[in-house]
Every structure is written in C-alpha cells, then in structure tokens.
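Multiple structures are listed underneath, in structure tokens.
Consider the two complexes below, in which subunit A is the common component and subunit B and subunit C are the respective partners.
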Partner chain A sequence: MTHDAKPPAAPAAPLEPGQYGQFLKEHGISSERLVDSCGVETIVVAAADLPPALKLLRNSSEVKLDLLITVTGVDNNDTYDSVYHLWSYEHINELVIKVMTKKTDVADGRLPEVPSISNFWSAANWHERETYDLVGIRYTGHPYLRRILNPWDWDGHPLRRDYKQPVDGLNDKNPHSMR
Partner chain B sequence: MVTELHNVDLKTDEMIINMGPQHPATHGVLRLILTLDGEKVKHVEPILGHLHRAQEWQGQNRTWFQYQALIDRVDYLSGMFTSWAMARACEQLDGVVVPERAEYLRVMVSEMNRITSHLLWLGTYLIDLGAMFGFPFYPFREREKLLDLLEEIAGQRMMFNYIRIGGVQRNPKPEWFDKLKRFTEEFPDRIDEYEAIVTQNPIFLKRTKGVGILKRSVAQDYGVTGPCIRCSGIPLDLRRTKPYSVFPELKFDVITMDKEGDTWDRYMARILEMRESNKIIRQCIDKLPEGEIMGKKQMAGMRIKAGEGFAAVESPRGILGCYVTSTGGEKAFRFRWRNPSFCNLSVLSELLVDTPIADIMAIFGSIDVILPDVDR
Partner chain C sequence: MSEGNLIQAKSPSVPEELRDTVTLTSIDHAIDMLGEVLSPVISPVANLARSNSVWPLTFGTSCCAIEMMCVGMSAFDISRFGSEVFRATPRQADMILTAGTITRKMAPALITLYEQMPEPKYVIAMGACTVTGGMFNDSYSVVQGVDRIIPVDVYLPGCPPRPEAILDALLKLQQKIRTENYHERKKRTYNQRAVRYVDYDTGKLVDDLVAEAADLANGVLAPKAEAAGAKIAVPVAKPEAAKVEAKPATTAGAAKPEAAAKPEAAKAEAAKPADAPKPEADKPETKES
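Coming up: the complex of A and B.
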C-alpha cells in the first residue's frame, strides 16, 4: 500500500487547550491539543484516561457529547491512532478525541492496546470490532472482540500499511494458480 | 398415568436456529443466529460481512476522481447522499466554494433520492409483512418516474455519480424542471393512495402497533439516527440541527413522534417525510438561481489539500458521515465511512429480545437497513 506524502506535521509551539480540553483539565484529565480538524477541536488523551474522559464528556449536563459517531482506526506513519468522533443529540457540540500508540511501543507479533468503552457505551461495540478487524487495534475489556466484516479465520488486518494481500488463485502469475 | 405426567418436570431446551444469509426478507445477505425459547427470541447474533467490498481500502488506493464514481455503490438506494457526504468532506478540506445553483440542484436531487428510497422501503416492507397482493407496484410506479428523471440528468438509474467534489456534474434541461414540477403536483395524491390502503389497514395495525418499541435511552446508547430516533422523540435531523448547504433557506418540518416509537410510527414517519421532501423539491424549483454549477476543476489528477475532516449528511437512514485524512496527494491517506445502517442494525439484538419469531421481519424491516451499506 503506497501513499504520496506524510500526514500533516504537528505545529512547533504547543496549542492552548480549547473548550473541552479545559473542561477535562478541570476534572483532572490532561490532554494535548492538536490542529483543529476542519474547525473541530481535536485532542489527544492517554490510553488509560480515555474511559473516564468519555464518561465525563457524555454525562456532564453542560457538554453532553452523547452521540458517538464513529470509532476509527488509523495506521499512521509512526503511530496507531484510535479516533473517536463525538457529537451531541441536543447541541451542535463536536469533539474529536485520539488515542495514539507509538509503533515502537508495540512488541513484535502483538497488537496495540486501547481500553474498550463498549461496556458503558453500546454504540462503540461494533465500531471497535470493526477497527480490530480492519486496523488491528485490540480493545481491552471488550465483551466480544471478534472480526465483524472479514471471515473469522482471516489472516492479518487489511487496512494496515504493511498488509499483504492473500495470494489470488485466479488472477496472479504464480505457477500454482488455477490458470 | 395422566396425573403422573403432570408431575414430570419436562425438560425444555433453548433452540439455536440459523436464519439467512440467503433469506428473502433480509434485503441482502444478513445472517442471524437466533436462540429461541419456544416461539420467543432470547438472543440474536447478527453475522455481517457477506457483502464486504473493502470500500475503505479502495478509498486509499484509488484517486479522488476514481473513488467518487465508486461510492454510489456503498448504499445503492441513496447514492446521492454518499456522493454528497464525500464531496462535503473533501470541499471542507480543500476550501472549495460550491456555487449556489449547484447547492440547490444537490438538495433537489438528493430529496428526490430520499423519496425513491422511502418508496422502495414502503413496497418491500409490505411484502415483508406478507402483503403479497400487489401493493408494491403502487410505490414502484412513482419510484420509476423519479428514477427516469434522475437518469436523465445523471445517465444512470441508481449509481448516479452526479454530485462531484466542487459541484454537480451537469445542468438539467429546462423541460426537466417542468416534468419534475408535474410530478411534485401529483405526488401528494399518490401518497394519499398508499395511506388509504395501508395506514388504517387492520392487518397492518395488528402487525405493527406496539411491536418493536425502541426506547429513547436504548436508541441513544446505540447511536441510532434517522427516522428511527426521531420516532423515539429526539428531533435529530442534520438538515435542521446542523444545517448544511441551502437547508436554512428552505421551509420544512422535522418529523418527530412524541413518544417511544413502535414499528407503525416508523412507517408513519417515512410517509410524512416523503411529503416534506416533496415540499422541499418544489421550493428548490422555484428558488433555483442561475449561474455556475462547478467550483473545482474535474480531472483525473485532482488533489485535495492536506488535513483531516469529518462531514455528514442526513440520508434516508440517518447520519451518513465521511472522515477523510488527506496528505495533499492524489489519493486519500485514510477514508472512513459512518454508515447509518451499520449503527442502526446494532440495536437489533436489543429490539428482538422477547419478541415472537414472526415479528422479526416486521421489526428488522422497519429499521430500513441496506446490507451493502452495513458491510461496505
């Protein structure tokens, strides 16, 4: 899998915390702010802080980010990202939360680990399964972490940059193929 | 002997039954593993992925120009909305200004598409409930008229590729608007026809009233969107709550049922939504300005500026979103779809518990799930 250039580089100076970063800081959860994604506040939290942070944002009456839009896995250049898009049913609030695991921190043959949130947020259940299936992020504590789109015995995680497609018996040039 | 039999503790086992993937009422290939206690469903496990076509992988390996022709296939009943979600996400990143005429045309064709999608749902839903008497031909009659009109501007009946990054593909001819106007004038009478057959039909009421009640808290927990959540009393319609395009200038009602929605409410909501869409189309025809229809040059080597963004539109099934990460190249770095069918289907295991097996299709059909949209 090829791509043309590197993803956008982080700015040199750290950014001031935004509305939600400030809110989390008041409740004792530290976060780092990234460049806004198309005008939406984007923050990075540590993996261990993710479930308390999401519980806070979902339940507090002032923020009320109670609509989990997606959980996305991204195989970035140096990190595995687990990206959470949060909206609100009542307000127009939006927030993007990322958990970034450095590739150098993941041992060979292991998957990056992020705590699961599907125990208190059912919407995340299938999204986390899909991310595990396609990008290979293990959500620890997930009640039923199985492949959802690929067959259960599929080899590898197709949206990884280093993924190799299985040998195509019909169309490739190898001598053992059916042609 | 009889008295002895009464004293015997009869052993009743739960039965595990496989349903699908080749089932006439699952609108594609959905497989359900049902755990039954007699006639009652105790547990459901949906098995997905039979139609998985690696749409996200293809997004990373096709150029922007190629990929926008491909994504109509994600949800084949509402291709305009998938195109629109991708176009909006890319326009946000690239800072493209879409001409006003293009925006009005987008609203017009997407609302036409919403009507065709709801009409097909109406026809097939009645078949799901066992109405084999030819009712589906009523909605399909109007659906064909709309598809003919869409074919005239896009060149294809269902895979339109009409909404492009930066605008729309081509200008309709003046006669096209006359035809569309004539359609919108007669369409409310046609909806009255459907309602005369279905809405107060005693069999239909018996099959749908009080069946598959979706509680508000459950719907919120599972991230349900679209008509399903509006029937549970939450007025979440992106066209109103986060207005995009020219929706702020159009007058229409958001159909919200003020109680816990059952299957009949979800039917009624879609009927009323078709009436609202019809109003929107008429307003668009009247307000359509003259001018350009494309704000970005369409070419094979098109590039989108680096960055990441999420954009969503209100599709017939709910919030259809697209998360794009670009590195400024000819291809995307990462594409992610938020498909309403995928999220709405996950609530099925909650809805079906303790319902009779005969109601499975009544409930599943009322969520209006499109399996290619689930599996991508």
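Coming up: the complex of A and C.
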C-alpha cells in the first residue's frame, strides 16, 4: 500500500452483518456493521443494548467472547465513541463494539452517558474511569466513577478536541518561576 | 529528632512546621548567632565537608533513574566523589536528582519531598524533561521544567544524560557548594511548609478546608472585624473538628455569599509559585457528578 493511496471509501449499501452481528440479530439485538478495523469485525450498538449484547456474547457457548481487552473512548468530529475490544480464548477471535453518542444529543454541561459494564468485567472498572477522565464519557452505574490519571481537581477532559488547557505557572511560555 | 528539637527550641527562626525537618541545627544556630562575622570562617570548612558528602535522595520517576542507578554502580562509581549513599528518606538527603518526568500529579509530592529535606539542600534537574519539559513540551500533564516548582542548582540536559554527565553535574555542584557563603544562603531561603495534608474526599488541601470552615464559622458567629483574629485561633492540627463545625454553618446558610468569596481571597494570599497549578474552586466536574 503506497502512501498516496486513499483510505477505502464507505460503501453506499450497508454492510452485511458479520458473524457476531448475525448472532446478535438472531437474539433480537440490532447492530450496525462498520468497516473492519485491521480485519476485526466492528459493530455499533445502541447504548441501551450494550449490557444485554455483552452478556450474550460472553455467556453463549458458540461465541464465548470472554475476555475484555480494553475499554477506550474516542472523540470523533460529531460523536463520542466508547469502544470495547472483546477476545475469545476458545475460538481465537476478536470483536470491536462501539457505542456512539452524537454530540448534538449531549446537552450543554452534560456528559455523554453509556451504561457501565464493570459488573460483568471488573477489569472495566479502571478502564471506564480512565475513559471518563480523559475523554469525558459518563458510565452510568459505575461504582466509583472518579478521575484515575489526572489529579482529582482537574478541569475538563484532556483528550477532547475542544480541550484548552488554562495557562498557569507550570506551562506558560514566559514563566516568572524560580529560575 | 529529640536532640534537634532541644537546640531548635531556642531558635526562633525555625518555623513550627519545620521543627521536625531541620536537623542540622547546631551549625545553623551558631551561624545565626554569629552571622556575618564568623560565616566567612566557618563556611569554607563546613562547605568542604558538605561538598564531599552530598547524599542524594532515591528519587526516580522515569528513564533517567536507570542512569542514576548506573552511576551508583561500580562501572562509574559515584562514591569516588562521596555521593554513593542514596538515602531512602528526604530527612537524610542533601541533594535531589530529579531523575525523570515530573507530571502535574507528581508535583505536589516532589515539593513535599524537597521541603522535607534539611537545609542546606541542592537540586540537580536531570534530563530534558525536568530542565524544560523536553519532548513533553505543551503536554497537558507534564510540568514544563522542574524549576517552576523547586529551585534548581545545576541543570543537566540529555535524554537521558550519560552517567559521566551526572558525575560532571555533581562536580559542578561541589564547586558551587565550596564557593557559597552559608549565611547568605540562609537569608535566601523562603518560608516552607514541610507537609501538605490533602483531604481524601475532595482532593483539596486541608489548610484550605480549615480556612473555609473558619470563614464559615466566623460569618455566622462573629462580626466581620474579628475574622482575621479568630482565623488564627483555629487549631490547625484538628481539621476534623473544623470540618464538623462547618456543617451546621452551611445549613444555616446565613453567610453563604460572604463565605464563598473568602476562600478565594485566602487562596490568592497563600499563592506562591508552588501553588500556582491549583485550579479554581468551582469546577464543572463536581456539577456533572
């Protein structure tokens, strides 16, 4: 692949559901398939469908996606994404689930809300705290949603596109410091 | 620390919070008393001893710490210059090599460590991160140069510096120690607070909370003129009691606007370079949660 090659354009027709999308569809959970990321099936589910979908994917013997690799957050241009990577030890397979919240749906002074999955995977506890800290996604039902990396009195969420750090004594360009 | 306290009890220049911190008091006291007359005589002798026994603090926050360990091993052997005794506590250290990136979350800890070291104390800013911020220039989480929070004696650039460079910085620091006048140095030291207690629930300094509680209590109980006097009388050692007092005051709600204005003033009053990164009290985060 050369450098000037353009990324593949999004196809006009919606993609056929893949293995996991089909599985969820059979169990009554609708999902939308995105372009595969690095050969891994990527689906979008609604926020309300996330806990039942993950419960199904983890517990059913034919899928058995039993390892939560990571929970991350992305600030896209018009959406906040909460991204889950699942892994199956039994079938050596991977799945990426995204929950997208449109920025227009988020009221001023509020954070996008996504149900917490830390009662399914306790590993998600710290991951969700980190995502809340850096991207600013509120995980409803999280037992202890508090900043984990930044100091507790931090203002804003640093990995957002519109984040502007206030200039203070530790980062100004012409410091009146102890030099 | 008891013998140190015995001598310090007579010395009015040591603030109450540092009574446990300052241990090298006999020379301190003598130089205080005899001051400018004897300092030119005492300083060269004391400096010679000090410069050949600069004990570093074991402090490493990232990759520079590996070089710092390396320079302590036999290949480079910093003990040739009297600095091999890496102390695990700031009370016993003379010098701090800030080996590694200092994040904003680490900055209060570094300031506390620095203030817990007994005078005379020296700082070598080791590595690009602590000299200027280095490759974390414009990062939201990294202090852009450790000299913004503590005074630095020797700057040691490099990413990370070679062990020879650390030895060179140490020799430069020894030269500096040999040429300094201890009396002059003592005059330049600023008022330090050795320990800052931070409230676990709010992340605020306990001092601020105590001042806030005192303001609330004064707003309800006492007229405005007595506020300054009563504020000093609040026992700093018992933040719990002060917090409990604050609760009925908030429910009363009589002096709320006045009390809300006062902590800001107190904060601005207490502001020094070390406290600069403290953000505003009203933050959107608490509103959301």
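The definition used in the following text is that the second predicted complex is superposed on the first by the 159 of 179 C-alpha atoms of A that agree within 3 Å, B and C clash if a C-alpha of one lies under 4 Å from a C-alpha of the other, contacts with A are read in each partner's own complex, and residues count from 1 in each chain.
We take it that a residue touches a chain if its C-beta (ideal position, glycine included) is under 8 Å from a C-beta of that chain, and two chains touch if they have at least 3 such contacts.
Since the model is a prediction, treat every value here as computed from it, not as a measurement.
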Partner chain(s) touched by A:P158 [first = subunit B, second = subunit C, both, neither]: both
Most subunit A residues touched (candidates subunit B, subunit C): B
Touched partner set for A:S122, first subunit B, second subunit C, both or neither: first
Partner chain in contact with A:H85 - subunit B first, subunit C second, else both or neither: first
Which superposed partner A:P166 touches (first subunit B, second subunit C, both, neither): second
Touched partner set for A:N150, first subunit B, second subunit C, both or neither: both
Residues of subunit A contacting subunit B in one complex and subunit C in the other: 147, 149-151, 158
Touch list for subunit A against partner subunit C, complex: 109-111, 138, 145, 147, 149-156, 158, 163, 165-166, 168-171, 175-179
Contact footprint of subunit A on subunit C as seen in their complex: 104-105, 107, 133, 138, 140-141, 143-145, 147-152, 202-204, 273, 276-280, 283-285, 287-289
Residues of subunit B defined as touching subunit A within the complex: 48-49, 52, 54, 56-57, 60-61, 92-93, 220-223, 225, 229, 234, 236, 241-242, 306-312, 319, 321, 323, 325, 327-331, 333-334, 336, 338, 342-343, 346, 350, 375-376
Contacting residues of subunit A [partner subunit B, same complex]: 1, 3-8, 35, 37-38, 40, 66-70, 72, 74-75, 83, 85, 89, 92, 96, 121-123, 125-126, 134, 147-151, 158-159
